[in-house]
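Per-chain numbering from 1; labels A, B and C assigned in written order.
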Amino acid sequence: MSDTHAQTVAYVRDTMLEPKPAPSTQTGAVKWLRDNLFSSWLNAALTVAGLLVVYLLFTHFFPWFRHSVWNADSLKECRDIITGEFGEGATGACWGVIRERWHQFMFGFYPPELYWRPVLVFVLLFVALAPILFTHLPRALLSFSAIYPLLAIWLLWGGSVWPVVMTGAGFVLGYLALKLLGNVNGIIAGIAAFAVPILFWMFAVGPIDDLLKQIVPISIQSVDSDEFGGFLLAITIGVGGIVMSLPLGIILALGRQSDMFLVKSFSVIFIEFIRGVPLITLLFVASLLLNYFLPPGTSFDIILRVMILVTLFAAAYIAEVIRGGLAALPRGQYEAADALGLDYWKAQRFIILPQALKISIPGIVSTFIGMFKDTTLVVFVGLFDPLKGIPDFIRSVFEWKGIYWEPFIFVGAIFFILNFSMSRYSMYLERKLKRDHR
Amino acid sequence: MKKTVFLGTLAAAGLTAGMAAATTLEDVVARGELNCGVNTGLVGFAAPDANGNWTGFDVAVCKAVAAAVLGDASKVKYVPTTGQTRFTALASGEIDVLARNTTWTFSRDTDLKLDFVGVNYYDGQGFMVRKDLGVTSAKELDGASVCIQTGTTTELNLADYFKANNMSYQPITVDSNAEGEQQYLAGACDAYTTDASGLAATRAAFADPENHVILPEIISKEPLGPAVRHGDNQWGDIVMWTLNALIAAEEYGVTSANVEELSKGTENPEINRLLGVEGELGAMIGLDKDFGKRAIMASGNYGEIFAATIGESTPIGLARGLNAQWTQGGLLYSPPFR
Amino acid sequence: MATASDAPNQGFRLSQLIYDTRYRSLTIQVVVFILVMGGMAWLIDNTVQNLQQLGKDFNFGFLFNRAGYDIGQQLIPYTNDSTHGRAMLVGLLNTLWVSLLGCVAATVLGIVIGVLRLSNNWLVGRLMTVYVEIFRNIPVLLWILVALAFLTEVTPAPAAYRVNAETGEAQASMLLFDNVAITNRYTAVPAAEFTRGLGAIETPLAPISLNFLALAAVVIASIWFNRRLVANANKVQETTGFRPVTWWKSLLILFGPAIALLVALGFHLVPPELKGFNFTGGVNVSNAFVALWLGLTLYTAAFIAEIVRAGILAISKGQTEAAFALGLRPKRTMNLVILPQALRVIVPPLISQYLNLTKNSSLAIAVGYLDLRGTLGGITLNQTGRELEAILLMMLIYLAISLTISGAMNVYNKSVKLKER
């Protein structure tokens, strides 16, 4: 064909025709509309219905938002302003309540001059999370993650620094015991790792604590639990519950995977029991029954009791998530660990758990989202949650009686922003992890 | 205290066995703070203001007890309790006194193991309706929807009342006074029923109180008073006589303004004993002799507290009625201080 | 070949309990057992001591005492003279009722949204995405409260339906040919009544309506006959290649007897009528119920939509193409190829959503709907002061419901499990 000369053939066109524009129905907006909105009669009907819904929502809500009033100190004032500006019968949003009370939605009754403390804790939370979520960050940051929970407790509740330090010291002692005795005998080390901190906390902490308080009295203003409220309370319970439930959840997950009949049965019974009852009944256990189960005379504040029950609740769900992660690991990983001659705990620590936990992170994040939403239920045991407790309290004063929609929208929007970004993050992580495995 | 408890929990607290059960008084003194169970928010009786400071008629009782026991009316931790949680909170030791407009009934006093130490407000259950409904008597409420707070004695009274009068009704249960208000104002119920004082407080908060009437029928006796745990009589006596001190103070004309002056000694031996000038009444209940004086100084005598929180000059505007001193035709009657 | 010899038998040594893998698991189990039992004993001992200190006992006798309170919605007869036990039963039925209706509505709504989200209609797809994201990222409590606030604040009071004597008009009008009235306290719907009813059998639990039994029997019989008819038609088709026309016979068999029975019993709807304060005659469905149902439905539908979408996306396109290549028509492709595979993916998470919905129905507390928690764990607990008994019993009942649902899920999972050969 190479020696065929086109110009020798007279009837062959030697110049290219200018391309014609595509038919108007196949280009630009029209094509897009036809493809995406009106590709069939059914689709067209759906589009019209969708437009109608959007239109109805818009006409119902837009005027209400447009008539927003920020500078008012009571609902009545709001209504007067709206009537004055937009005429009789106009409705509008009264954001004055948010302007005046936003701090209670956020912090409850936390002393205003100390707001920096919860804010700092919240910011540091991200610093502590960063090395766990982003593996390329320096590993040294992990040590900050480890001390973060104690730091957060100290900053939130205040008081002397020593009890918190002593708690941390207990963990360090346990770790040291494990390290030192680990060379001698694994089992003794394991027992010591539990026993040393507990003995330390039970007997040594009191005197050392008193002594240190006298020598180096470092303390910040202490804040009682009953001053917590709003999103501070929700986030404290949510994050605290998840963090404390992780170790328990891992143990339960391993227990459920175990070959040992009794261990497995106990784990299954615990997990299924907790998952089988509504959180609200567990909260009632926290507020009404927990004191029955503890030795006579012990009593501690309701937030702590709620957190204990929320931790148990979360642990059951986390256990199921981690079990999923364990099950997703290829069998070969277990066999390889066995082949290397690692014992059970070493295999779990070096081979199984790092991988299983990694692929469980999206599940843990969704569990956290669920828990965070559920923290609103604490209102039913008399705590001031941001969704019902705080608005009910605000509505109990004369100025804001009868204000419903604005708090709903404000709190709902914050929940949405937090949960939506977390769920997006978890989806991103899921995609990234999927790629890692291929 | 909290910190030790926190550590205790971390170390699987209970294993260390509970603290020896001390008396409530010792507990409170050791803690330096009185745990007082109050309503989650009923204007006039107990409600936090915009800054979270609690005020109200029931709160004043907490303050008086704290002042009597600890010498400082501000050393109170207010524990908001719901109708659900209030009795357990008391039984479990979470609170030392329950001052949450709680009705004194036989079964609560006995079966629930509470001890009511007195009555700080004589109340009764009533109905509130809109004026334009044209109803003038509760007997005309046949077939009406009635909003009612769950977990209270009002629920049982309502059932009994309609049954006794051979009428029917649709109960619309609500969880809190705030919710009841919302439903009633929206017209979701024809009548709202709760203690008459609560109705007055609720109506006072409406934008148009004049359009609502409280029906004349009072269908129950609701003596409201502070309660303590059954079994610790010393503590019960302390709360009881603190309350009585407030009531007696009004009877003898001791007010927060003149208490300082009167405590220098008066002609009236009863006042002297009340204020600890004479005798050792305080020691008999484990307190010092000034407890009555401090209780009165906390927020005034009964009459002053009433006037400042729920009286006629407040938006709630309750008349003294049954809650006047016995000398004025009311039911308030403090046993003698001697 | 090296001969493997057993380790010399040295008899049993105590250290073997720890170091010998044969015995170690036994040791661990014994230790765990002792620890768990010890913990339980500790809890029980504390409880006994605490009860003693409070002078209380552990006794379910209160369930047989007079309750004394009224319940707004009751599926079985109940008055304030009934016992606490019966109040509990009424509450339990209310829980199950709202859960059942919630599951049904959420499934329908969820499937519609899930399918629409996959549609190639840009606008509808986006709207559904917005719906799903908004509803599942905000606590269900908010949706229940919003539904209640909407119903109480926006809908008219029953009095608004009263015809004004002067103008001859009412402020609000009923829907569906004067059959349904949505008010700010309840939704009044017509009641079904039979003029020549068969009566009911009185049982201690609840009267069983004979009308209902008869109708159920007729419907089941009709379905059975219809299946026979279809099976017969298939047989004819297989032997002769010619399929007899069945559709009108099917319709007749399915609906004929049932309609005939209803007519014979004199079935009719009684529309609600405004009398005095309230609508009477029909059935008044309380707003608490509607708000709870609506909140649960809207919230759970968002999750179900995601499950349905994931289920459909999980079936690769190759399956459809293969089915077409085999000459299956679209309907059969759907029924025989796509759905069985998609359902295997969809049903387990769907059932766990049902479980969640049932557990979330305990949020009835927020709207004052008297469910199990509202009766047994609410008013009964309060009036009797038996918190230990009431809450333990309530948890056990919820646990039983959950285990039943997850048991059903396991049975289903077994039946659709891929049979590996």
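The rule we apply is simple: a residue touches a chain if its C-beta (ideal position, glycine included) is under 8 Å from a C-beta of that chain, and two chains touch if they have at least 3 such contacts.
Here the structure is a predicted model, which is why all the values come from computation and not from measurement.
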Chain A to chain C, fewest steps along touching chains:
1
Find the chain most remote from chain A, comparing centres computed as mean CA coordinates.
B
For chain A and chain C, let me know how many angstrom lie between their CA-based centres, rounded off.
28
Please tell me the distance, in whole Å, between the geometric centres of chain A and chain B computed from their C-alpha atoms.
40
Mean-CA-position distance for chain C and chain B (Å)
42
Multi-partner residues in chain C (2 or more other chains touched) are 46, 53, 149, 153, 365-366, 387
Identify all positions of chain B at which a residue touches two or more other chains, and write them in rising order.
14, 21, 84, 88, 179, 182
Chain A: which residues touch two or more other chains?
284, 288, 291-292, 294-296, 380, 404
Enumerate the contact residues on chain A facing chain C in the complex.
35-37, 39, 43, 46-47, 49-51, 53-54, 187, 259-263, 266, 272-273, 275-281, 284-285, 288-289, 291-296, 369, 373-374, 376-377, 380, 387-388, 404-405, 408, 411-412, 415-416, 419-420, 423
The answer for chain B against chain A in the complex is residues 2-21, 40-43, 47-52, 77-82, 84-85, 88-89, 92-94, 176, 178-179, 181-182, 185, 205-207, 315
Tell me, which parts of chain B touch chain C in their complex?
14, 21, 83-84, 87-88, 91, 108, 111-113, 141-145, 150-152, 155-156, 158-160, 163, 169-175, 179, 182-183, 186-190, 230-231
Which chain C residues qualify as touching chain B in the complex?
42, 46, 53-56, 68-72, 80, 149, 152-153, 157, 159, 184-186, 275-278, 280, 284, 286-288, 365-366, 368-370, 374, 378-379, 381-385, 387
Interfacial residue positions of chain C with respect to chain A in the complex:
18, 25, 28-29, 32-33, 36, 43, 46-47, 49-51, 53, 116, 119-124, 127, 133-134, 137-142, 145-146, 149, 153, 359-360, 362-363, 365-366, 373, 377, 387-388, 391, 394-395, 398-399, 402-403, 406
